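What follows is a short report on a single structure.
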Amino acid sequence: MTAHVATLLVACQDRKGLVASLAQVLYGHGANILDSDQHTDSVAGMFFQRLRFDLASLTTDRVSLETGIREVGERMAMDWKLSYANRVRRVAIFVSKQDHCLYDLLLRHRAGELACEIAMVISNHADAAPIAAHFGVPFHHLPVTAETRTAQEAAATELIEAAHIDLVVLARYMQILSAAFVAKYPSRIINIHHSFLPAFVGANPYKQAYEKGVKLIGATSHYVTADLDQGPIIEQATIRCSHRDSVEDLVRKGRDLEKRALAQAVRYHLEDRILLYAGKTVVFD
Amino acid sequence: MTAHVATLLVACQDRKGLVASLAQVLYGHGANILDSDQHTDSVAGMFFQRLRFDLASLTTDRVSLETGIREVGERMAMDWKLSYANRVRRVAIFVSKQDHCLYDLLLRHRAGELACEIAMVISNHADAAPIAAHFGVPFHHLPVTAETRTAQEAAATELIEAAHIDLVVLARYMQILSAAFVAKYPSRIINIHHSFLPAFVGANPYKQAYEKGVKLIGATSHYVTADLDQGPIIEQATIRCSHRDSVEDLVRKGRDLEKRALAQAVRYHLEDRILLYAGKTVVFD
Amino acid sequence: MTAHVATLLVACQDRKGLVASLAQVLYGHGANILDSDQHTDSVAGMFFQRLRFDLASLTTDRVSLETGIREVGERMAMDWKLSYANRVRRVAIFVSKQDHCLYDLLLRHRAGELACEIAMVISNHADAAPIAAHFGVPFHHLPVTAETRTAQEAAATELIEAAHIDLVVLARYMQILSAAFVAKYPSRIINIHHSFLPAFVGANPYKQAYEKGVKLIGATSHYVTADLDQGPIIEQATIRCSHRDSVEDLVRKGRDLEKRALAQAVRYHLEDRILLYAGKTVVFD
Amino acid sequence: MTAHVATLLVACQDRKGLVASLAQVLYGHGANILDSDQHTDSVAGMFFQRLRFDLASLTTDRVSLETGIREVGERMAMDWKLSYANRVRRVAIFVSKQDHCLYDLLLRHRAGELACEIAMVISNHADAAPIAAHFGVPFHHLPVTAETRTAQEAAATELIEAAHIDLVVLARYMQILSAAFVAKYPSRIINIHHSFLPAFVGANPYKQAYEKGVKLIGATSHYVTADLDQGPIIEQATIRCSHRDSVEDLVRKGRDLEKRALAQAVRYHLEDRILLYAGKTVVFD
């Protein structure tokens, strides 16, 4: 039923006639707009739009429609991206020993919350193998040490390429990826950091939070860039804590935040709800 | 600067070409779309849109633009409403003895959060007179008893009509308005109820909440209809409570919720963000 | 390490000397108080206390300590309950087809969040069998129809009794238990209802919420009593929703609330944090 | 009615018998415990307690009771502080041009939420004079420049000393107090910072948040120490934001957070709910 649906994401300098031009092209080809969300950043002078439309009523074909969009895009100097719902995205999940985010993503996927195929689980430990098996997902154990990092990432890259992976999700993967690896997948790697960034970057954020005596802890999902914990933020969540909470309590409370903030980010990405500019995100939710 | 801005609200049966037609008309007259928000209720088959656009670049004039919109509206069988930002809305606040929502609205207005003129405060008690005076707002004391209700509402109506009031805000006004009065101002009276409706309708919701032992209390702002506490909900807020909270604590915590939920609703209304259908609201926030 | 810990829950008419008497008894036997939480309901004239203490430093023995507590309890007309952490509680989870709460409880248990043994999963459907197997928990398939309810509940009772179950958790068990069954386990059955009670009792609360057009949905965990959806509330959670959310979206958002509100209630119960009176709960969190 | 109430705050190294000793002393003098809240930090080996009790039933007198507490305090090496509810605290509010926190505190005080006398408003600008007048609070205009800071703080100190001020509240006071001034009032100056510390210290936190693209903004109330924005955190609050929020929108949303986080901290302080250690707070709420 949603197989006939497409999503168009657009970013460009703001100017008159943008909404009309895009709407006109879609209408001209018989596409019916289901959702339209638009944002103008008047400070940056930028225009952003997400259009979701039904192709079932198309009076031409996909090639003609794309040609029409391409023409408008060139005339208006737009960055644009068109996705078809029947082209199912392929996701690879990277995980280490902590499995709460892995389980959460697999369960949400099975419940129909995440429109994708989870094509593989990659881990530097063997622990998650039975979990992947339980959900019928291929599992690859790629151990890593400081010496073998390059080779391990090469092996991961090979798996990713062979399986035509669209999105890599770091579900509490406790290894720092090399700049070279990250550069291969711009805006296609999502990480979860267990603090409300920019507070508590780096290691042991819950311990840092405990020592600082904050009254709220948080979690942040973001795209991975070469700068550790500095990529564009997609989603954040916080929960109250108090002097009664030990570091272990913060870890427990934080797991809930991590699961939600990561799953939300993955869902937004898969539904083409995210645009990037100036190191931050527009999320059409 | 925002004096040249207009907002168009549209509701109609869903069909193809709606977005394109409206965008085309605005573009044809040289209006620049600043914000566009759209919603399709596929269950009800309804289409809703809010368009905010700049008139400074208009190549025709307002009359022509309105004619253009009217033509599209008739062809597409749309309900539509066009508002100009330079036509400042006029608000009357009704209050009884509790003044926290009154203060909150007056302070937010002064801080520039509410785009309107607060034209008068009407109360069945004299207590709020110094508050109105402090903010330079005319105050009308209209006492009421069961016997004088009709006359009191007639006096209020006269004040409202004489001052060309657009919106009546019941800021903890502890009198039940007659069906006749309510009928005069459809979707133009906003009330705050001190519970998360539909829980705890009627009197003393905090006492009801205390006795029920709920772990969250709430507040609900809604349009006033003939059915008490049943009008379309605009905004709701909740806060945690516990066995430690007495009824007085719930009242204290609730004041914060009431202020926020009411002010938010008034802001949404004044910024033409609300559409009504099927006894509920579409709020483009 | 926590094997030497005990928890004392006390409820009685308020009077002077209660805190001193209990603290004195514990001190007199060499027990070291780790946590002490107390609440006085001055309206009801009731006193409640939770004392968690270390037995490792006991200068007498458990029998003497219990005798001491019993003496104070009788003198002060207290209801009291003493639990030892090394007596692990045994939990039975009832589930139907929806498995998100079941997975959540099993995962939290494995992560060490729930101090109990999950002794069995009982279901009226076979679907959850592989889940129980994955976590190494015995599974019992007890199908039920209107005609077989009495026999099915008898079979469940037999399993519960044979396994010395302390707590029954209804993790989206979509059958209404008979008054006779409920009466067997007072304050020992916890249910999750998918609305912020007392709003939307009964069937299809998300559909009710959708039709009412609320701006927040909720979930409520509570002890089960003979009155459907009326038992003492333990925990509630809410999340924002909007006109954009279909019933399916509310169901998806609600799953997160249900998981959290149910797991929290189970944890509170297992840690002896809940006292009951006047149809509501004191939760020492 | 609450005039007969006293509150005892205690901090010391953890050891056996602390709860019993204090409860025994209170009972011995006929004081009735209304609330008892206790916390043990097992990592730091510290014990904290708050006892609120009724003196109406005292069988001795206040002097004897204090002597009793002093004896226990010395034996157990306790830091302790006893406050009588009938000794009303005196508060000075410092403010600059932004008045939302000032209004909020004055209104909450008038509504009975803050058990204190607001003895004066001090400002480096004249703008708040009519607000202080409206609430009948003395106003002192103390302008300040880089050159006159020492003299201005001396004038403020004189006012504070003359009026026997117990607590100084910086309600968006946009001047940095000298280390010398701060040192005079340890744990007696509360500030509101408009970010969720430790994120966005220093100037323009809303602008920093906007540029970082966070999805939550926050506010933090804390005791003022010599290190700017580094004092012990008392309360924090966050609210969601998105790409739609301009810096001005963040400022508007933030005002609500600032008011709540500051008022909450002031209330906790006035009700003797806060203990300090290791650069952070224990808040018995």
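Points worth noting:
Think of it as A, B, C and D in the order they're written, each chain with its own count starting at 1.
Note that in this section contacts are C-beta pairs under 8 Å (C-beta built on N, C-alpha and C of every residue); 3 or more make two chains touch, one makes a residue touch a chain.
Given the structure is predicted, the values throughout are model-derived calculations rather than measurements.
Judged by shared residue numbers over all numbers used at their interface, chain A and chain D contact each other through mostly the same positions, with over half in common. Summary of the copy comparison: rotating chain A onto chain C for the best CA superposition needs 180 degrees, to the nearest 5. Farthest from chain B in terms of Cα centroid separation is C. Comparing the chain pairs B-D and C-D, the larger number of C-beta pairs in contact belongs to C-D.
Here the spacing of chain C and chain D, counted between their Cα centres, is 37 Å.
Averaging Cα coordinates per chain places chain A and chain D 42 Å apart. For chain C, the set of residues that touch two or more other chains comprises 39, 42.
Touching chain C in their complex are the following residues of chain B: 39, 41-43, 196-200, 211-216, 218, 232-238, 242-244, 246, 278-283, 285.
The touching residues of chain C, counted against chain A in their complex, run 100, 103, 107, 111, 113, 130, 134, 252, 255-256, 260. Every residue of chain C that touches chain D in the complex is listed here, in rising order: 16-20, 23-24, 26-27, 30, 32-40, 42, 49, 57.
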